[in-house]
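Sending over a structure as structure tokens; questions will come in a sec.
Each chain carries a letter (A, B, C, D, E, F, G and H) given by its place in the written order, and its residues are counted from 1.
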Amino acid sequence: QRQGFPEVIFGQGKTKEQITKIISSLIFHNEVILVTRVDEMKAKYILQHYPNLEYHQTAQLISTPLKDIPQSKYYVSVLCAGTSDLPIAEEAALTAEIMGVSVKRFYDVGVSGIHRLLSNIHDIRRGKVSIVIAGMEGALASVVGGLVNHPVYAVPTSVGYGANLNGVTTLLSMINSCAPGTSVLNINNGFGGGYNAAQIIHMLENKESEVSL
Amino acid sequence: QRQGFPEVIFGQGKTKEQITKIISSLIFHNEVILVTRVDEMKAKYILQHYPNLEYHQTAQLISTPLKDIPQSKYYVSVLCAGTSDLPIAEEAALTAEIMGVSVKRFYDVGVSGIHRLLSNIHDIRRGKVSIVIAGMEGALASVVGGLVNHPVYAVPTSVGYGANLNGVTTLLSMINSCAPGTSVLNINNGFGGGYNAAQIIHMLENKESEVSL
Amino acid sequence: QRQGFPEVIFGQGKTKEQITKIISSLIFHNEVILVTRVDEMKAKYILQHYPNLEYHQTAQLISTPLKDIPQSKYYVSVLCAGTSDLPIAEEAALTAEIMGVSVKRFYDVGVSGIHRLLSNIHDIRRGKVSIVIAGMEGALASVVGGLVNHPVYAVPTSVGYGANLNGVTTLLSMINSCAPGTSVLNINNGFGGGYNAAQIIHMLENKESEVSL
Amino acid sequence: QRQGFPEVIFGQGKTKEQITKIISSLIFHNEVILVTRVDEMKAKYILQHYPNLEYHQTAQLISTPLKDIPQSKYYVSVLCAGTSDLPIAEEAALTAEIMGVSVKRFYDVGVSGIHRLLSNIHDIRRGKVSIVIAGMEGALASVVGGLVNHPVYAVPTSVGYGANLNGVTTLLSMINSCAPGTSVLNINNGFGGGYNAAQIIHMLENKESEVSL
Amino acid sequence: QRQGFPEVIFGQGKTKEQITKIISSLIFHNEVILVTRVDEMKAKYILQHYPNLEYHQTAQLISTPLKDIPQSKYYVSVLCAGTSDLPIAEEAALTAEIMGVSVKRFYDVGVSGIHRLLSNIHDIRRGKVSIVIAGMEGALASVVGGLVNHPVYAVPTSVGYGANLNGVTTLLSMINSCAPGTSVLNINNGFGGGYNAAQIIHMLENKESEVSL
Amino acid sequence: QRQGFPEVIFGQGKTKEQITKIISSLIFHNEVILVTRVDEMKAKYILQHYPNLEYHQTAQLISTPLKDIPQSKYYVSVLCAGTSDLPIAEEAALTAEIMGVSVKRFYDVGVSGIHRLLSNIHDIRRGKVSIVIAGMEGALASVVGGLVNHPVYAVPTSVGYGANLNGVTTLLSMINSCAPGTSVLNINNGFGGGYNAAQIIHMLENKESEVSL
Amino acid sequence: QRQGFPEVIFGQGKTKEQITKIISSLIFHNEVILVTRVDEMKAKYILQHYPNLEYHQTAQLISTPLKDIPQSKYYVSVLCAGTSDLPIAEEAALTAEIMGVSVKRFYDVGVSGIHRLLSNIHDIRRGKVSIVIAGMEGALASVVGGLVNHPVYAVPTSVGYGANLNGVTTLLSMINSCAPGTSVLNINNGFGGGYNAAQIIHMLENKESEVSL
Amino acid sequence: QRQGFPEVIFGQGKTKEQITKIISSLIFHNEVILVTRVDEMKAKYILQHYPNLEYHQTAQLISTPLKDIPQSKYYVSVLCAGTSDLPIAEEAALTAEIMGVSVKRFYDVGVSGIHRLLSNIHDIRRGKVSIVIAGMEGALASVVGGLVNHPVYAVPTSVGYGANLNGVTTLLSMINSCAPGTSVLNINNGFGGGYNAAQIIHMLENKESEVSL
């Protein structure tokens, strides 16, 4: 009955054999599978055993093939500034998609060139939730928060150097966002952003499944 | 068209005269008013000028009277452990209510007596969103996150001492929650928790107002 | 020959008698006077002894009267988001003016309402230097840095709470700005921002005074 | 006369030759041997010289064979959430066992699935001491502390990422536990947890060995 | 059946009226009462309502009178360096005594005059548990840990200045103690030290009350 | 129209293929090229494709050949203490030069041998801006700030060990400089220092390009 | 036989009655008395009881009258930048003098005006030890360390604001000094600087009192 | 005239060629040579070029042969707890010896076995200065400081794990030492400890070389 929620394995720090073994027990129950933080080498091994799964290289995810998963009517807007944040942005976007939720990607909208963000704002606003992936000073979360009226999930990344402190500065910065309607995930936790956003879309499309006051 | 969203004034660090002046311009536009972080002394002064507003002492809020605001069909679950976290819990709950959203309060459910939480879990789950207010080690957020399938907003408070570091430990702890479906607000930011939760309920009850993919 | 540079007294932590005594020795040398961080009570005492000086309450500065100081042709743009940052913004603006430099104030341009910033951008760009005063997550510095081609001085303020850590988060955030052409001052150091900006304007208008390569 | 207390060598940062040499001097005195933090490569070398010792791979320990050590009547409950914390959990459990103390392992009882913990609580309570091994936000320590009446040793692990800060967040979180009866060890110090727990069991079973008031 | 465990109220941050109200409900159930962190002014008010309780000024505790509580055969050693740490040392000692546990105080044994510690070591060792209260660099915990074979609870205090960081340095220092058999409580958490120690003594004197393996 | 400003690529964290591809699109537009943080191996690959570019090994930069770029009349003074800071000093100096700005290098002027600094002070002062590169305690920035009347950009480096905290100490130290007229860049951000300095020189030599008040 | 070493009482956090009581027991033994961190109000009370002692207001010290203490042949150089650091500088200087050691004060030698330091360097060098008192970025310690060949004690003060972090930045900066021959005391620990310096002078003048190798 | 002071090269972060080149210029001036932080591979290369120098492997130092350097009459006591701190202890000891100062080593005197320290205390006291090398909680510095009457240099090491924070905890702990007469060096800065100690011994044996008051 946890339908729509995949069984998630956190791949980091697990051996390829351990992951394969966990998958085998889950597949047996016919679950939707999602494994995060899988590097290419581990992925190769796992897909030899489970060739029906698919590997998303940028996001470092293994999952039940996306084509087998129906997508939602409403969509989530996923935003980031550029190449360095792509792996986390894709972790977020694909997590949502694996949970059956449509995603629109806005991947070149950093605040140091604000016009690219502004020229996309109409489509960003039409999404029901935004996930903002940003490193360095994380200003994108505040700017987006001020431009949309729906929930914004801010995911700090460890992209930066020096006083970025491996993303801690970005995290603290986002937690202090001056725009209401924003909440924050752990550093590089694209998965968490996608999961939260998908929970909201699920409710929007199945709201009869839970009773009211 | 920002209907349902009150005009919010952050009262902390503003004088009673400054707040009164801002209210006067907003009232003129017939907005829903919400002023946060107003101590009793300031509140008295402001209510002398605007006796139609009401003051919520525990939450330190001034607002348009709640009775004038229609409440939503779905509700938000607001949870905390006890007396020390009450001001922030009420800031969260009242913010949602002022935004027209129903709230169910669960105010004695700390993890050191887990049975109280478990005996309320059915009603907590029936809410569409949970806001978890906790100080010290903030474990309540993780436990609730593992028990519900809807979005959880974790609000760390500065309740604690010593290595609590005025709530920074609670914040970092919540950011690391092992339960997916949780996101985090700034320390003592009950307002932010209520605002985010209300955004979701608004969408659930007005979803036709935004177009799909 | 340090013409144009006032004698600056850091008033914080000095008694009104100490400040008065230092002023008396400087006035004797006919210098331009600037005392920063002077609260109203101290100011009253000092102005009784030196009624020719003037007190700027918001900025907490005492100085040689502004009307006696000629202003530059080029100007500095001073930006901030609103009332809470005003004292530091005025410390920056008045420091520049006391150093003989024109200032244009843009005091309601926070990133959570980005259109106000954009509608002023032409005039901000016409300044030769920008000073950006911001608290919380400090995103304004990055956004401005991306919109102008001249040097930006970012001054973090201690406006914020919780994980703002009294401005340390804002400082670190600004240090990580993704927009090139930005450099950072200490928390609440409006004086430093004004001083640096004035140095640049001085050079622009008197460049013959120093020899080339 | 330090009977029951093994001679402990902290293997980390020592070469295989250094460890072997220290063992040789201890064996000469017929002591119980415990070497912690020994990787597989070092272990192989050492066991070639002392084939009578045994290597516990998950815990990275070398010790006098467990079968030679009598176990206590009372037992210690060792708890953790899953695979990532296993090495530290085993360091704790085996340290106790090498000190002659019985251990019951509860290794799949994380707070994000609280029912597994609750269904084991009777047996956990029957132990005389609990050692709780947890990473991320460390909430398990508080939950267990609230459910048992005996001393709880909380061992934070460095399992986590981002704002986990290599276990510092977990440590601070546990230090702030809202459940009385809990105390905390260094990050990954499973050894310390096992050692403390064993001291208590030793006293319970040999209490005549020390005089009363 | 939570016999021997008092009902504990954390007085800090509660008003005298709130504390009195909580006491009234507990007294009704005939519990042993312990209120920590009560300043003299609050205490006076509370004792006017409950003159049968007693106030311990140094420790800032209100409790059921000590003379009504039988003391254990085994004792806990409570150690500190001098006057500044007394309030926390007494919080620890009295907590244990209110839980029915005997205490021996060693209150002038700082490491900068190590002979005083050494001349008391025999009696310290005869205790079943040690609680070491120390501020500054907290070295006392390590020295004691190396001299006794029973569990040591280290309670860092916020006594110190500058780089002591309000006790955070002391806490981190104690967590790194080189002596095995030591575990750590929150800064100034004398209560926690006393509570843990009392749990151990309770088991030593009532061990039949829990079943063996 | 961003004439004089090169297109800058941050090479760190990008593959040699990605960098080559970005260069190809920029060259097409006939831009001045600057790629920072390129190690020797990547540089070799890139220069095989674009043999007209040049690699500056110490600074780890690839750029349009310097000989094709006209240099300014005014110059920037770049200062550091010695060999360890050279890579960052050269990143700063070359960034300025690639932006068409003359540089004078003062590379052996650390504060522990202050006479070397003093014997160069005349030439340092003749520059229009100073960039001070320093690691460890970063004292050089304050000393230089006190000796010159033009803007100083302080660039902390991660040169140091232990309590240097990878340059964070140097950064905080520079932010607290007691000499007015100093502002600070991120750790190791030589690029930022050069870029800011060049902005100023550009204005000094083209000031007619922007309108006055 | 601890001749020359005064009995030192750390006054901070002790009541005037407690201090008076400790003095009374020491005076009985005819010791040299030194009480640090005594504010004016406490001092008044104490001197009423012990009118033979003297109060040094800037340094906040009470001591045996200086005129009763013979001064050494060699002297200690005490340096600071100006008024804000005076209390700590005097704590250092007077501690040395109370221990019978001569002091030469250099109190206006901050690095932002390096010529004042240089014009005094001959006399500073003639001292046998230097104590450098500095706040903000603490650069003075490095500059002095590079100019003298004797031991330098660096005492960071909490003078500064913002990113000074109450002196922690100054402390870390001094710990990283690039000049060999420098060691560091706690923030505001002028006493420690004076005490260490006096130990050295004592040895220089009484070296026969300890045996050689 | 800097007689007795060697020319010191900080080898860390320098290539073997760079070090060799610096040595060649110094040897030319007939200086005493000291190169710190040289690993075995670099050392081999350097000694092929300068076979008259000698390499001290534990300390990772290259120097003028010790047998060519006369040793002082007075000695320095160098203390540490065991094998892990040896490299830093030897860096300190050899630095002093290369500066012509006698050293007595006490290398097994950690506080968790305090009797070994106490049984050596007579000889430790006979030294004129103590250098205490310690990791973890650094308690040894306080204990020694309380037992000797001469200056103590505390050198924190990065030996430890978890909350040791790579020696930062040890550093802060030592800075807070409760024993007067102690000052602190950077983490792992054995060189600094030896250098300071040697400065004192030089003065004791050559005091006529500097003039008195």
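As a convention for this text, a contact is a pair of C-beta atoms (placed from the backbone, for glycine too) under 8 Å apart; a residue touches a chain by one contact, two chains touch by 3 or more.
This is a predicted model, so every value here is computed, not measured.
The interface at E-G recurs elsewhere; of A-D, F-G or B-D, the pair that shares more than half of its residue-numbered contact pairs is A-D. Annotation: 52 Å between the Cα-based centres of chain A and chain H.
One inter-chain figure worth recording: chain A and chain C are separated by 42 Å, centre to centre, where each centre is the mean of the chain's CA atoms. For the pair chain B and chain E, the distance between mean C-alpha positions equals 37 Å. Our note on geometry: chain A versus chain B, Cα centroid distance of 26 Å, whole angstroms.
The multi-chain contact residues of chain D, meaning those touching 2 or more other chains, are 162-165, 171, 175-176, 186. Contact annotation for chain pairs lists A-B, A-C, A-D, A-F, B-C, B-D, B-E, C-F, C-G, D-E, D-H, E-G, E-H, F-G, F-H, G-H, with touch applied as defined. Only residues 81, 110-114, 118, 136-139, 141-143, 145-147, 160, 162-165, 169-170, 172-179 of chain G touch chain F when the two sit together in their complex.
Those residues of chain A whose C-beta lies close enough to touch chain F in the complex are 83-84, 159, 161-165. By the touch criterion stated above, chain F contacts chain A in their complex at residues 12-14, 18, 156, 158, 166-168, 171, 186-189.
In the complex of the two chains, the chain B residues touching chain A come out as 2, 5, 8, 73-75, 102, 104, 125-126, 128, 149-151, 153, 171, 175-176, 180-186, 191-192, 195-196, 199-200, 203-204, 207, 210-213.
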